[in-house]
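Below is one structure, written out as structure tokens; the observations come after it.
Naming follows writing order (A, B, C and D), and every chain is counted from residue 1.
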Amino acid sequence: MTATTLDRSNLKEIVARRVARELRDGDFVNLGIGLPTLVPQFLPTDVRVTLQAEVGMVGAGPCPEVDAAPRYVVDAGGKPASIRIGGAFIDSVTSFTLIRGGHVDATVLGALQVDSEGNLANWIIPGKMVPGMGGAMDLVVGAKRVIVAMEHTQRGEPKILPRCTLPLTALGCVNLIVTEMGVIEVQPYGLLLTEINPDLEVADVVAATAAPLRISSSLTVML
Amino acid sequence: MTATTLDRSNLKEIVARRVARELRDGDFVNLGIGLPTLVPQFLPTDVRVTLQAEVGMVGAGPCPEVDAAPRYVVDAGGKPASIRIGGAFIDSVTSFTLIRGGHVDATVLGALQVDSEGNLANWIIPGKMVPGMGGAMDLVVGAKRVIVAMEHTQRGEPKILPRCTLPLTALGCVNLIVTEMGVIEVQPYGLLLTEINPDLEVADVVAATAAPLRISSSLTVML
Amino acid sequence: MSKLISVEDAVANISDGMSIMAGGFMGCGNAHNLVQAIIDAGLKDLTMISNDASMPGYGIAKLVEQRRVRKLITSHVGLNPQVAVQMNAGELEVELVPQGTLVERIRSGGAGLGGVLTPTGIGTLVADGKPVITVDGREYLLEKPLRADVALISGYRVDKNGNIWYRGDARNFNPVMATAADVVIVEADHLVELGDIPAEDVVTPGVFVDYIVTGGSL
Amino acid sequence: MSKLISVEDAVANISDGMSIMAGGFMGCGNAHNLVQAIIDAGLKDLTMISNDASMPGYGIAKLVEQRRVRKLITSHVGLNPQVAVQMNAGELEVELVPQGTLVERIRSGGAGLGGVLTPTGIGTLVADGKPVITVDGREYLLEKPLRADVALISGYRVDKNGNIWYRGDARNFNPVMATAADVVIVEADHLVELGDIPAEDVVTPGVFVDYIVTGGSL
């Protein structure tokens, strides 16, 4: 099976499941929109993380089945949300004191492009899509660990490049890239493939990656 | 009667009473230790001011007769204090957001020296007294109006000088000087005596003031 | 001297061309009645400072939809499609600011500081034209303080002194914006008596607030 | 993974020569048991960062009196006569910082900023040797961020997540110091259940707190 024939139906689950293994019990974590929000459901029961929502929650919970506080407790998209018992509502100043001040253990977010130096582009496609950076620039600068969780390619085109061509979100901020094809560490010398999807060959991953890719001598199967 | 024969028994009251007339209904005011704390008792009943205590109160009240919250509500000297109904406890960050951010309408504080340019020295006598500046440097920079309330002289020596000789608290920060001898405005061109203690002659005030002193053409009696 | 006034009197503090800070995050924490009153008063050419442009038909999004906004200073406009339309047509100027930088610029304006030294934005478009200051070997952007003519605050419980308690995450930018405008107006969901908000639980002390209007609700 | 530990285990995080932030204002908001445990553990050569040096025999004043402090970074020492004695004898170094600058330097350290641009201290001894940055025609001192190895926090109600609610003005420097140290220890006057502090009324979110000790009281 090659990259093009990889079963794409559970692609997001593959990524989210693997990212979940990066989190430790007690971690304070900020999850970006989309794929990253799937991560908590794959956490082992003995790993409890506290979720931050930059809108103003420490200990954010899931979307409520019955909305107890309509329009007063929302997520970053303005949709109904909830807070866990023992959580705290905070203002935006405190929210970014947490984020910029290095108090967030890990942030998981998507990317348009990542490159060999760990540069990240995920907020603008000039002339096409200008939504604004929201809290992303602060998150990737401030979080102790930045994990990019994304599909390896975009309509067959590599997103992992020697050098980002889109405007950057931040310089050298990415620590780890998790895709459906494998797990890639950002090292001082460049990118290192440490785990691979068992349905793929190394050549598949290399072919789908525009950046030079070292292969770990202890390459393992991605779980 | 001359300066040296002025009845000194009610000197502080003279100053506090006159300072009270500078405050307007609704003002948010920070009072320094000592003489300035006497000001509120001379406010007309239709003038209500909100007192700030930099330790962390908006709406500070008097020392309680019965201390309801021993050691949890204190003034800047660590003595039992109280908060008025409708007041707020704030942290030190907020306290100095209020002070430095121009939210305090007036601060009233003592001085070791004041000079023709409105420079103030009130925090250190090198080699003798080094208590630290506390919040004073922020207060005189941030408050909309800085009123010095003090005795005109120190053991007969002038405290109002052409140029401060002690280390400064801030440059050009003083707006008004109120002493037992009179009221002096700090103007761009220097000091202007606008009111005088009715028991004194202008010559008495000039003699007790080392800085050049203009006399207002509409000089009135200090009330 | 009561701070309690009508919504119409409150909005009379605003003129065409003024800068307005509006608390809220995707409309959660917008002062909805004040927004409507601004529209009803025919105010225009406003500079809006807010985390985002809300969502279609909700809160401050309406100011954009009704073409009352000349300039937006904000971190995110992706959920309000009208912004892109007007921006691409050259009718609306948008200054995008990272969210953490936006909140600190406002804080700086409210706290009498000279600006913000932040690592956020270094090496990106955000850094264009801004001074870079090196402190202990690390580079920081100098971002300038932000203040506004008027701040529109949404509070859940508000007493007559203007003390505010916020519900849920409707808090967001409201407390910091209440520190950084010449005129601060709070829209109260519930007007309460002095003392009903314990002194320890006041989030925005009333001394920051100039006017109170009632009838708020998200 | 419980944050709740004994006072002795908490103090085991501290070594001779470390820097310690202590919340409190003239002893109001000091973590008194932790201070005593530091003395009992024989710790010395400490750098203390605190608003003041408290008053004789009370709170952190005891650390000075017991000669455990090598350097004080503080805004006011006038109520603790031992400070002047040791300072004049060359035994204690004192760095005096304006109170508003002290709190902002700590905030800067906790919030990942590169320092503070403040008008306070311009033209005074405080400005000696510090960069002056001009923003929009006004001069500001660049004051550097402050962090510490350990912060000693005093909280009235603390839940098992470390969420803190402060009573009265014992709050003061505690919330900001809880953001700016590698190890943050809170001394709880009352340990409460999760949810006992409503989410809106939490002042210091528990994620800032590493360890909780009980038995606190001012």
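Criterion: a contact is a pair of C-beta atoms (placed from the backbone, for glycine too) under 8 Å apart; a residue touches a chain by one contact, two chains touch by 3 or more.
Since we're looking at a predicted model, the values are computed, not measured.
Among the remaining chains, the Cα-based centre furthest from that of subunit B is the centre of A.
The mean-CA centres of subunit C and subunit D are about 32 angstrom from one another, to the nearest whole unit.
Inter-chain centre distance (subunit A to subunit C, centres taken as mean C-alpha positions): 29 Å.
Subunit B and subunit C have Cα centroids separated by 35 Å. Contact of a single residue of subunit D with at least two other chains is seen at positions 104, 107, 111-113, 118-119, 166-168, 171, 200. In subunit A, 83, 89-90, 96, 99-100, 141-142 are the positions where the chain touches two or more neighbouring chains simultaneously.
Taken as a graph of touching chains, this assembly has some other topology, since it is neither a line, a ring, a star nor fully connected.
Per the contact rule defined earlier, chains pair up in contact as A-C, A-D, B-C, B-D, C-D. Those residues of subunit B lying in contact with subunit D across their complex are 53-57, 69-74, 76-78, 81, 83, 89-93, 95-96, 99-100, 124, 130-138, 141-142, 167-171. Contact residues on subunit C toward subunit B in their complex (touch as defined above): 1, 107, 110-113, 159-161, 163, 179, 194-195, 199-200, 202, 205-208. On the subunit B side of its complex with subunit C, the touching residues are 25-26, 28, 50, 52, 58-59, 83, 85-90, 94, 96-103, 141-142. Residues of subunit D touching subunit C in their complex: 104, 108, 111-119, 133, 135-136, 138, 140, 142, 144-145, 165-168, 171, 200-201. Taken in their complex, subunit D has these residues touching subunit B: 25-28, 51-52, 54-55, 58, 74-79, 84, 87, 94, 96, 98-101, 103-104, 107, 118-126, 156, 166-176, 203, 218.
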